[in-house]
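Lettered A, B, C, D and E in written order, each chain numbered from 1.
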Amino acid sequence: MGWQAVDWQAVGVSIRLALATTAILFVIAIPLAAWLAFSRRRWTVIVEAVVALPLVLPPTVLGYYVLVALGSGSPFGRWWRDTTGTTLAFSFTGLLIASVIYSLPFAVQPLLASFAGVDGRLLEASAVLGKSWGQSLVRVVLPLSRAGLATAGVLTFAHTVGEFGVVLMVGGNIAGETRTVSVSVYDAVQSFDYATAGLTSLLLLVFSLVVLSATYAFQRRGSLLWAPR
Amino acid sequence: MGWQAVDWQAVGVSIRLALATTAILFVIAIPLAAWLAFSRRRWTVIVEAVVALPLVLPPTVLGYYVLVALGSGSPFGRWWRDTTGTTLAFSFTGLLIASVIYSLPFAVQPLLASFAGVDGRLLEASAVLGKSWGQSLVRVVLPLSRAGLATAGVLTFAHTVGEFGVVLMVGGNIAGETRTVSVSVYDAVQSFDYATAGLTSLLLLVFSLVVLSATYAFQRRGSLLWAPR
Amino acid sequence: MGAAVSVGTASKALRLDIRHRRVRARLDLDLEHPGITVLFGPSGAGKTTIIRCLAGLDRISSGTITLGPTLWDDGGRTFVPARRRNVGYLFQDLALFPHLNVAENVGYGLKRMPRASRQAIIDDALRTAEVPGFQERIVAELSGGEAQRVALARAIAPRPDVLLLDEPLAGLDDPTRLRLRSELRRLILHAGIPALVVTHDRDEALALADQLVVLIDGAVHQTGPPAEVFDRPADAMVARVVGMDTISPARVVSVDRGTVRLRVGEASVVADLPSWRRHPLAAGEAVAVCLRGGDVGLRADPGSAAPPDTNSLPAVVTGIIEEASLIRVQVDAGFPLVCFLTRRELQALGLTGGSRVLVLVHRRSVHLAELAPQ
Amino acid sequence: MGAAVSVGTASKALRLDIRHRRVRARLDLDLEHPGITVLFGPSGAGKTTIIRCLAGLDRISSGTITLGPTLWDDGGRTFVPARRRNVGYLFQDLALFPHLNVAENVGYGLKRMPRASRQAIIDDALRTAEVPGFQERIVAELSGGEAQRVALARAIAPRPDVLLLDEPLAGLDDPTRLRLRSELRRLILHAGIPALVVTHDRDEALALADQLVVLIDGAVHQTGPPAEVFDRPADAMVARVVGMDTISPARVVSVDRGTVRLRVGEASVVADLPSWRRHPLAAGEAVAVCLRGGDVGLRADPGSAAPPDTNSLPAVVTGIIEEASLIRVQVDAGFPLVCFLTRRELQALGLTGGSRVLVLVHRRSVHLAELAPQ
Amino acid sequence: ASSPVPAAPGGSDSAGPDRVVRVAAAADLKFALDDIIDLVEKTNPGIRVDATYGSSGTFLTQISNGAPFDVFLSADVSYPQQLVEAGLAEKADLFPYAVGRLVLWVPEGSALDPADGLGILASPGVTAVAIANPEHAPYGKAAVAALQEAGQYDAVSPKLVLGENVAQAAEFVSSGNADAGIVALSLVLSDPLKGVGRWVELPLASYPRLDQGGVVLSAAQDPAAARTVRDTMLGPAGTAILTAYGFTLPGN
């Protein structure tokens, strides 16, 4: 067994999926986390807890519910089918929806912790200088939350790469479309092909090591500039 | 099907496992994250990346490697069996080891982001006042990182409750010992017993909602005291 | 001004009448006529609290803040947020953005504009604040004083409707402060931006203010032109904060043809009858006698005759304290009394602790204030 | 003292000879004899940099810091960490712990001890810093000045071997500062803790210092008792920071029997020959003439005769600035010159801008300093 | 080697039996085995059977690494054989117990008629066909073989969606996401799925025999009790239950 046994197509799907999930989650999670961090309304606590819920459901179970929600049995699934003529389940789009739901807490939680740590006086300074909420978020909170952004990105990306319970359930393991590298490693293990499983895992490890090191190095370099002396 | 169909024994195992994992991970992750946050050595970047690795491996694959490492085939597994007379794999202890490895990044990452946000001058003040590294950690860094501690605790706890890939592989789904509630929900789904799966999931959701809300409420109340005005 | 559009009247007065925390104050700022109002008071008086409310950083508990006809805050439902008030604010603890360099900090509040004019405004503001050439510097690497000046530049750059400066010159060294003090006044007047400056430094208050508001323990004790407030503090507490060097309780003995005779401690002192008091003085009334150290003269020869209209009190020197620009001499003249001498004078008098001297105070230099705030 | 145990010698001197950032300075502190050394210099001089190195918060680039025989830092491998140096440090930006209340902040540096004595020490420190009764207050709710005093209390409470105070009284209002200044000196001396106090305030430097170190642009320009430094600044830059009110370049015309004749601008001035100069003066040499405003007298009558040994220079008044405790009069006497008057004197002279006056300066009040640092 | 078993949990009734048999069983046995266990426990008071259902491949891995099971009922007879070769079980303890059967299954409301055979899968209205993953699931391999036998594989393979196991393939159909599935007869006969769809069995000859075999492991704590379970399953009452749930007996 050698490198040709590695399912490169699945590697490609995984990377596409992880990148897309991370990108979408940044768009969703940043405003959500900012609202949770800075709003004083009491029921933010409830929302925070709801956001954390995908964590406690076993992936297969979550996957099952997503599958049912996307399926022709659900109003949403029927509507989608009638409008687009395609099914969401067993498609890359469906997988993406599931991944976004599943990884939401991994993006929101670190951002929340990080945003909450930004010195409130800097937000006051920004407000007095005429900046709206959103402008302050972009120009003050985000740059000062680089550690949190890096953590959120890394957790989301890595978690999406490693996820296979939901993917298996919603994706249907279709080569080139919904077979991710984690599913292919799982399949290899299931068929006792430990050599390929090991090799692919190694590949995942090295790849992640490079991505993570780069992310952290970037984040660290930046932070040194205003690090406590 | 009703409440009697819920596998209460598995619920108990899950809660014990999640509590033990969270407790152990706090002990491991706090010093580790502190070292990563405050050390200036270059290779902390590598360590950071290594810590994040359990994320990118599919749980079943990770579970497989842990199983092989703990199992009767490995030197460590044999040594353990010869010394203690028990096997690590397929026992609660083995499950705990696997959970700790698997959830390590969920504890370390939020702590790291949170610690890095603590004002360095406060650490200087603590040092000048004669406190050692560890004392500063306990008396300054931790109290100022409540948001990060809560996030780490919540992510670890919830993730351990929801995890099932590693648990299934390392634990072997033995009732009362290694069958967790997530595995039992998985079993219910696999046997098309959607009523029980739904009921148990609901239970998980409600329980988590309560725990999470309480955690966040606690954290929020505390933080208001020194919140930016 | 965003939501705060004036309707019907051209007069632009910023009026504040609030209760918040320890503060219960009323204050008017005329934004039509640029000028500097100094909010002067001791530490903990509530100065920062007041300008935070003005800037929209704190919501008041009750009362109103209005700009012309526009209600900014009524402690209830109405609240114009900070970003719509177009005020320039200098934070007491600066609050510079640590992730931006100096130029980016100063340019932060500027609206969209071409790069070149933006650059020009930033350079201008930095030059005005006497930190030219600091554009590319990192905030963490500024010294305390440099950071202060950068924060000042940041507040000024967007040309706000009103400047709120919280201790703008604290933390600067003397020559820089001296230079910036007149520079700041010139700059504010030149820019035509009305300013409310918080300070606890007397020289600063005097040098900067067109109008002085004395705040003590959350309450406004006196308002007026700085010279008037410093010369004629309304009560003993104001006298203390404006630096009357001697403040002693006294009792009116008699009122007579434009003068007042008082008993101060063991001594008898005559003062001009103050024409500007709210109510006439009556014998037996308790007042505070206030003297400025620079208005008190000393004679080494206790027997010599006093000039006309001048109190002459025999006294003993109890302390001589050398300060940078003058000498502070403490004497006991029946009550404790402080006198300032130049070195020149001290040398001529040849005083030491225990020397017997004659204290000379002109009647018009004896200021009478209320013992307690009215 | 932890790792820093003295061996062999009883002398406990803290010696610093470093290069770090802009600073290249050498400084000795005798920790055997408690007393206050003031590190005095303008903003950005490097004062904070020096005491950070002393406290172990920054590592020096090269040089050495030693306590007696123990090396604290050599810019290389040796480095005694901050927590083992047993210094008390007041941060310029305070760095109070936001999650602890005032009492917990002040008690933070205390070693294990019974609750009651701990409480007593905290109460004591707070009383000393003039914030008694603040024990339960939350740090975020302190005013600027209150926070400063709490930080001071925190530095003092553990009774360190040496106190390093970065601008301990900046940000306080005048009366409080005045009170705390003498209180601080008394307290430091009473506690027997040697202290290095950083300040840019002249009065503070004078009032606090036993020994004054003038730091400008990273270099030590002069060291000595404060009165000496203030009276006899070594060079023009020191003269400026110690507040010589007039500093003018001059050229020596002749040296003669204990006096020096100088050409200053358009005027001719005679000075006592300074005995303490490092090298004799020669004709043609360039020096700086320094005068203190309080040593300069004015006569309204330009024709009157001058007292003996006194320069008398005809001049024109160019400006009159009223400050809180005195009047600053600027004149042109062939070179620009500043004179301080009390109100009393100003009134007697009846000066206005453009008045012709006679400036009187005793020969011994004309201080000669180097033009550039040696 | 005898591997000590972790202490057995107390169970719900503390005065209960102390002879526990742990059975690792293929997921498709779930419904049949539950009935057989009732039978075992009723006829042999003192014996309790703990069944764990899952993927046979996973069980093989786990047992190879010391999992404390007494009996392994695999979906594929080759797995127990591997355990014998690895010395974890005696050849004599190996037993076939059933042959799995494959059905073509469509949801209840579907316009397709399974009676028309695998050819219906090629029709354009069908977009997703669920089978178990042929890489490692025996039912998946069989389904592919059946498709090839019917000459439909090339037409259908782009529409295939793969379940982790045959139960997940059935889920794809029952949740309405797949239009049809090739799944185990035992599943479509089970209580929860009985009315969910219409099915027709595929000819046994059209795919390789799904021989399901089991083994009593050498490490079994109570080999006698373990063999009791095996014997009950292979006895007349046991085989009747298996047949009712759609398994063909190995002899046939």
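Couple of notes before you dig in:
Methods note: contacts are C-beta pairs under 8 Å (C-beta built on N, C-alpha and C of every residue); 3 or more make two chains touch, one makes a residue touch a chain.
Everything quoted here is computed from the prediction, not taken from an experiment.
For the self-contact between subunit C and subunit D, the two sides draw on mostly identical residue numbers; the shared fraction is above half. Each chain's centre was taken as the mean of its CA atoms, and the one lying most distant from subunit D is E. Distance between chain centres (mean CA atoms), subunit B to subunit E: 34 Å.
Averaged C-alpha coordinates give centres for subunit A and subunit B that are 19 Å from one another. Spacing of subunit C relative to subunit D, judged by their CA centroids, is 25 angstrom.
Rounded to whole angstrom units, the spacing between the C-alpha centres of subunit A and subunit C is 56.
Among the residues of subunit B, those in touch with two or more other chains are 64, 119, 121, 124, 189, 227, 229. Across the assembly, subunit C contributes 57, 93 as residues in contact with two or more other chains. The residues of subunit E that reach two or more other chains are 58, 61, 168, 171, listed in rising order. Note for the complex: subunit C touches subunit A at residues 55-57, 81-83, 85-89, 91, 93, 95-100, 108-109, 111, 138-140, 154, 158.
Taken in their complex, subunit A has these residues touching subunit E: 64, 67-68, 70-74, 77, 87, 89-90, 168-169, 172-174, 186-187, 189-192.
Note for the complex: subunit E touches subunit A at residues 55, 57-58, 60-61, 127-128, 130, 133, 135-137, 160-164, 168, 171-172, 175-178.
Those residues of subunit A whose C-beta lies close enough to touch subunit B in the complex are 45-46, 48-50, 52-53, 55-61, 64-65, 105-106, 109-110, 112-114, 116-121, 123-124, 147-148, 150-151, 154-155, 158-159, 161-165, 182-183, 185-186, 189, 197, 201, 204-205, 208-209, 212-213, 216-217, 220, 223, 227-229. Here subunit E touches subunit B in the complex through residues 1, 3-4, 6, 9-11, 22, 24, 27, 30-31, 50, 52-54, 58, 61-62, 64-69, 165, 167-168, 170-171, 174, 190, 192-193, going by the rule given at the top.
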